[in-house]
Amino acid sequence: MTTFTDHTLTEIRRDLHRHPEEGWKEFRTTALVAEELDERGFELWLGAEAVNVEERLGVPSDDEIAAARERARREGAPEEYLDWMGDVTGLVAKKRYGDGPTVGVRVDVDALARPEASDDDHRPAREGFASTHPSEMHACGHDGHTAIGIGVARAFDEEGFDGTLKLFFQPAEEGGRGGKPMSETEHLDDVDALVALHLGLGEETGTVVGGYDRPLSNAKVDVTFEGEPAHAGGAPNEGRNALQALGTALQNLYAIPRHSEGKTRINVGQVHADNAQNVICEEARMRVEVRGEDADLNDYMMDRAERVVESAAEMHDVGYETSLYGMTTTFENDESVVQTVMRAAETVDGVDHVCGRSPFGGSEDASFLVRRVQENGGVASYVGIGASNPAGHHTAYFDIDEDALDIGVGVVTETVRRLAAGT
Amino acid sequence: MTTFTDHTLTEIRRDLHRHPEEGWKEFRTTALVAEELDERGFELWLGAEAVNVEERLGVPSDDEIAAARERARREGAPEEYLDWMGDVTGLVAKKRYGDGPTVGVRVDVDALARPEASDDDHRPAREGFASTHPSEMHACGHDGHTAIGIGVARAFDEEGFDGTLKLFFQPAEEGGRGGKPMSETEHLDDVDALVALHLGLGEETGTVVGGYDRPLSNAKVDVTFEGEPAHAGGAPNEGRNALQALGTALQNLYAIPRHSEGKTRINVGQVHADNAQNVICEEARMRVEVRGEDADLNDYMMDRAERVVESAAEMHDVGYETSLYGMTTTFENDESVVQTVMRAAETVDGVDHVCGRSPFGGSEDASFLVRRVQENGGVASYVGIGASNPAGHHTAYFDIDEDALDIGVGVVTETVRRLAAGT
Amino acid sequence: MTTFTDHTLTEIRRDLHRHPEEGWKEFRTTALVAEELDERGFELWLGAEAVNVEERLGVPSDDEIAAARERARREGAPEEYLDWMGDVTGLVAKKRYGDGPTVGVRVDVDALARPEASDDDHRPAREGFASTHPSEMHACGHDGHTAIGIGVARAFDEEGFDGTLKLFFQPAEEGGRGGKPMSETEHLDDVDALVALHLGLGEETGTVVGGYDRPLSNAKVDVTFEGEPAHAGGAPNEGRNALQALGTALQNLYAIPRHSEGKTRINVGQVHADNAQNVICEEARMRVEVRGEDADLNDYMMDRAERVVESAAEMHDVGYETSLYGMTTTFENDESVVQTVMRAAETVDGVDHVCGRSPFGGSEDASFLVRRVQENGGVASYVGIGASNPAGHHTAYFDIDEDALDIGVGVVTETVRRLAAGT
Amino acid sequence: MTTFTDHTLTEIRRDLHRHPEEGWKEFRTTALVAEELDERGFELWLGAEAVNVEERLGVPSDDEIAAARERARREGAPEEYLDWMGDVTGLVAKKRYGDGPTVGVRVDVDALARPEASDDDHRPAREGFASTHPSEMHACGHDGHTAIGIGVARAFDEEGFDGTLKLFFQPAEEGGRGGKPMSETEHLDDVDALVALHLGLGEETGTVVGGYDRPLSNAKVDVTFEGEPAHAGGAPNEGRNALQALGTALQNLYAIPRHSEGKTRINVGQVHADNAQNVICEEARMRVEVRGEDADLNDYMMDRAERVVESAAEMHDVGYETSLYGMTTTFENDESVVQTVMRAAETVDGVDHVCGRSPFGGSEDASFLVRRVQENGGVASYVGIGASNPAGHHTAYFDIDEDALDIGVGVVTETVRRLAAGT
């Protein structure tokens, strides 16, 4: 497929599923979406126009980005929009239908860095739309989110509504890398109400959750310890051992004291040191994630973690660098929007169960967009669209029930209409 | 170059330098050497005939070996010998010139896994024979060792000597992976005297060391900790954290007590854990190296290291596996061979300084071949051929003075002749 | 004072405050209480008759107990009851007033191991009733609890009530050492309703809390690592280092993963290793405390802590022993008793504020007595008697407003009466 | 015994053995020695006249010193010399016999902090001269050294020699606490030759070692981590945990890299934290010892250890203090003195085996006195006087063969005579 027009949302979702693109590599996805919205008369902002380039987090190397862009071209991304984007993904689109308020809809478009199951137990494999990219997979439903975003744009074609629609196709949600840079633009300043959404999350098709509240704040930090090599047999005392620093940090990060005021978490993910076994380690890297039940608790963990890393480096006389890989914050939905979503959902075909607010156990960088809108005096909610899944999010057998796509479009469309109308 | 015949040793050395092959991947090198020796009338044993396949250490994956073999084919390795080798490198060659004793010569042929300098300060780059393989480099002189091995074979063509020559082109010396499997064959059982050699080692061209003694015993072990993943935010208590086990092991490995009876060493080289930052780590790997001034001290370190690893796994309720990656032992040269080498060296053009025995600070898996010969009642020495180097062994700017090649051939040839003659 | 009879509760409390006795050393306190209750016609069980000797936790050494007993004798404890007790403290007393139910009242009698402030800012010092025992102090109000226990016994002298009164003077509450052994006797089997009480806890005089709920479960464990000494200079490898084991355990205990289902805590208190600095450490001891929001979470921490300790010992090839120093569990009060307490409190002079249930942040080994009664089909509550304090519990300037003593007696007496009457 | 005069060296040694005094507590020992030397006409310097008070290391508390002084008085130490000493032990004594050179003799007088065996397998117990001080014992032969010092003073009474004798009765050798402050006075500036000595050290009675060379340099440091307490259950995040800092330091101290240039050692001895188990640790102490084959290697260990301690404190946001507890350095004997000792020994009754120089495995703070003399252009040797021992130095069953006392006096006297005479 090299253009979305004339294709159904299910076809589009399956095409995206076959061509998953990790964060900051969503060139094909973004270009095809841009093409369709351009045809439908939306005003577009692409790439560096859509996100604050300086604020991007966890950006891949130039080589990786160039390769992803080249792959997108090979796989049919329209040249015009690739050129427009340059090296940066991200899309904001706006269309005025009437004089009423501006309502924003945010969907995330990136895939995960993990292989997909390829056996016949897995419907995408059985039916021929499993990922064709070896280590990327839409295992969190963002292919469906993107399709719903297009569905919402299409839905107002005929009837419109009394207001302006603003669509945010956010890159790099996984790892919390794209929300912050998209929020630090002026695109949200005229948004009166914002709806973000997620498919699945443990709810069956037909269920709608008016608003997921209070995601955990988190921060992901890449740490590199930089020592001095030396021959481990001949002159161990002459080295400055980056790996001993990392080992000391590891032990002490997990031992950061529990906090009396709420949940805190810490974890170390990737760890790498590539040096030969007979060389005192010159460079060792790790990726750390902290969380807190609120921003203060997250800061507590972050401060303690930084202290541990700094002192571990000092202890072994090595240097270190940290860079923020990703970040999310927390928020509370506006009750008025939650109520609007619930009323809207009641009217949508296929919806059989409507819930109110629910705490969100995980983290989400839509949080930055929600807060930006709220800080400007707007209102927002992060809506759940039930979608039956055969296997858990982020696993190799994840899939979504495609019936949820139309439900998603219906709930969002009707919510937008009511938010604009104030009903 | 797709055949060595008619090329000088310097040309051969430069060809090998351009096509370095890591341990167990020396298909092109071995095939070209085999071709030349075959033409010269040597009896050949190749691949699984030359090494004990079961005893190989640190063997790359099947895919890596297949790729290396395919590359060798592309780069001109003669098909006949590639077929003969199958998936295993290694070559033993034998030729009878007279009734006297059998004298063995052992050279190692593998390259290191590291990139080579590509700027004009580096002669191989300046003169166009730097490595064409991105992450492999002859940074320890084994290209020169291989050329000397061929030179020795050529040297007896006209005059011969009163005995049998047996050449051992050993794979995978780096990491101590090929010496043990080559020693555990019957090829050394009829060897009355063995000469192994190394270029450089801090000595200038023109210097010859009669025998390097007592290399450190060492052992390299790959450790994999196998835990159970869990969401680091949602259910940290449900995971079994392979990375915490690794961190605990790291800290305690370096803290193994010093030994009153001599030098011991420990180092951790590669460390890898690839899991996502929000997942309790499922698998973490590290490569550990221990050394001891003698085999008992090496065993002491090995036993303690195993205890640390086992207990660290137990502490965090994770499984673990260890596999031996490489191994060396120690030896003393036979004084009679050292004396023969010294007398021989005095007669060779270009030699201006002859030393006796010297302690060997590093480790060498020629040790296994030397001990096998000695256990069978034979004699041996590990000889140093000085070769001026612009930069240290194993570094990106390493190179050897090619004048040392003829000196090496001269010293070894004359030593072989004298060992056979008993003079 | 060498007898309580004819003294007011305030006088008794002050006498006890001057003669504080740590857990399992309350010989004087217990003997004097026993004497008074004996005179009032109670049936008595003392020492090994009152607690399950085998189940005692955190028992001091024989020498320490003998010294405490001797001190009690010197300070006027009546011989008869000292003899009766033998080496074990603890007292259960019973008196039948009528045919109705048996109601139990539990007070704890031990002091803390800490010095008391001696300056004039501290009323007990100013008024001459500060501790005369250098490192013991009633800094948690148990002197008042004991006095209230006597007050309750006295209160029924004239009018009685329609039932049986059973008084539990529990030793060694601090550290959670005496509750369990007192609960593992048959004394609680005939108790239909149990009231335990605590003074202070942040509430002012005049406030009564109907029931403190859900104290944290905890466990305190003493760990001894037993290694093998060796000269640290001459033969470090021959030692087995108990201190390295302790260090490894320390680091990993604090790193036990947080639990998704609720609060957990861990702390290491006392740590001791007495060996000379030039000897590899032979013995190292520590005291560990774990807590959990419920018994399962406490067990989770305990299991993990044991695994850490065992593996740390194994890692350094040392032995270890653990012994339970103290333990508490959790419980929920019976709503019927809470209501009764509240109704009773409304009738008592000096009470101006009556609350219902409140969560209990700390730990309490009355929990074992409460659960035993509940398991037998009885009911119970742990009641708070407000008592203004100039300084926090367990600190050097702690004191209680003695007006709370009569309030305590009033509330308990009236509660007992109503529980027996079922009103 | 309350005066040494008229007693034999064996009687004196046994009296000292019954009254052992730890470092900086040697009041009785020093006073009795002073009395005898005073009677024999020596000029005396006592206490603060004999050692540099500011440079004392590992000094006990004022209370401990006062108690030791009081005990000495009780046990018969002559008042006059107790008064003279004040609170400081140490004695230098000088007597001029002729015009020749000044020869110094250094003996150490302190006992160890350890209990002595009390059963009949132990001769001192069997024969009634075991220690009467519960936790002090002469388990390193310094009682014999002191007796030999007196014997040397007596030996010159009749014949004298052509020079000046200077006797150094050094306190606090154990732990390396007294050598440095005694060396930092002017008493050594006029010493032309110095003899120090040790009994036993694995040699049988009758053997003499001309000079023990190159003791290990060492340093002992007391570290105190100072945190902030908090309730471990209620507010773990509010504490600053001194014990976590200590745990991190412990793990990393033992992991200081081995040094390529020689032996290094590290050990942690005493560790103490006294806080309650439910309080985040406020203060934790440890005593660390480092050693190196020479002063540079000792410095390497010391620098690394300080870095570890500082960073561990920083990591856990706690303060720390370090204080030097003891210190030794290294030296080489002067060959001329070694030769003189050997020649002298040949002439002494009971000597049957004379050795030259021998490396000294342990540490000795005579090193500071030796170096001071050598820096001033003098010569010195540290002499071994064989003395059969039933059990190892520093153990409960240590004893010395008293026949070695006269041998010691003989060897030293004859050496002094020859050093003065230059023969």
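Order of writing sets the labels: A, B, C and D. Residues in every chain begin at 1.
One rule holds in what follows: a residue touches a chain if its C-beta (ideal position, glycine included) is under 8 Å from a C-beta of that chain, and two chains touch if they have at least 3 such contacts.
It should be emphasised that the depicted structure is a prediction, and the values quoted were computed from it without experimental measurement.
**Student:** Could you compare the number of C-beta pairs in contact for B-D with that for A-D and name the larger?
**Tutor:** More contacting C-beta pairs are found at A-D.
**Student:** Measuring between mean CA coordinates, which chain is farthest from chain A?
**Tutor:** The most remote chain is D.
**Student:** Return the distance between the CA-based centres of chain A and chain B, expressed in whole Å.
**Tutor:** Spacing between the chain centres: roughly 48 Å.
**Student:** Could you grab the centroid distance between chain B and chain D? Build each centroid from C-alpha atoms only and quote it in angstrom.
**Tutor:** 53
**Student:** What's the distance between the Cα centroids of chain A and chain D, rounded to whole Å?
**Tutor:** Inter-chain centre distance comes to 69 Å.
**Student:** What residues in chain A touch two or more of the other chains?
**Tutor:** In chain A, 234, 236, 241, 244, 248, 251-252, 254-255, 257-258, 265, 280 touch at least two other chains.
**Student:** Please classify the inter-chain touch graph. Allowed labels: line, ring, star, complete, other.
**Tutor:** complete
**Student:** For chain A, which residues are in contact with chain D within the complex?
**Tutor:** Residues of chain A touching chain D: 234-239, 241, 244, 248, 251-252, 255, 257-261, 280, 300, 307-308, 310-312, 314-317.
**Student:** Under the definition above, what is the set of chain C residues touching chain A in their complex?
**Tutor:** Residue list for chain C touching chain A: 251-252, 254-255, 257-258, 263-265.
**Student:** Using the touch definition up top, name the residues of chain C that touch chain D in the complex.
**Tutor:** Contacts found on chain C: 175, 216, 218, 220, 232-234, 236, 241, 243-244, 246-248, 250-251, 254, 265-281, 284, 287-289, 291, 325, 361-363.
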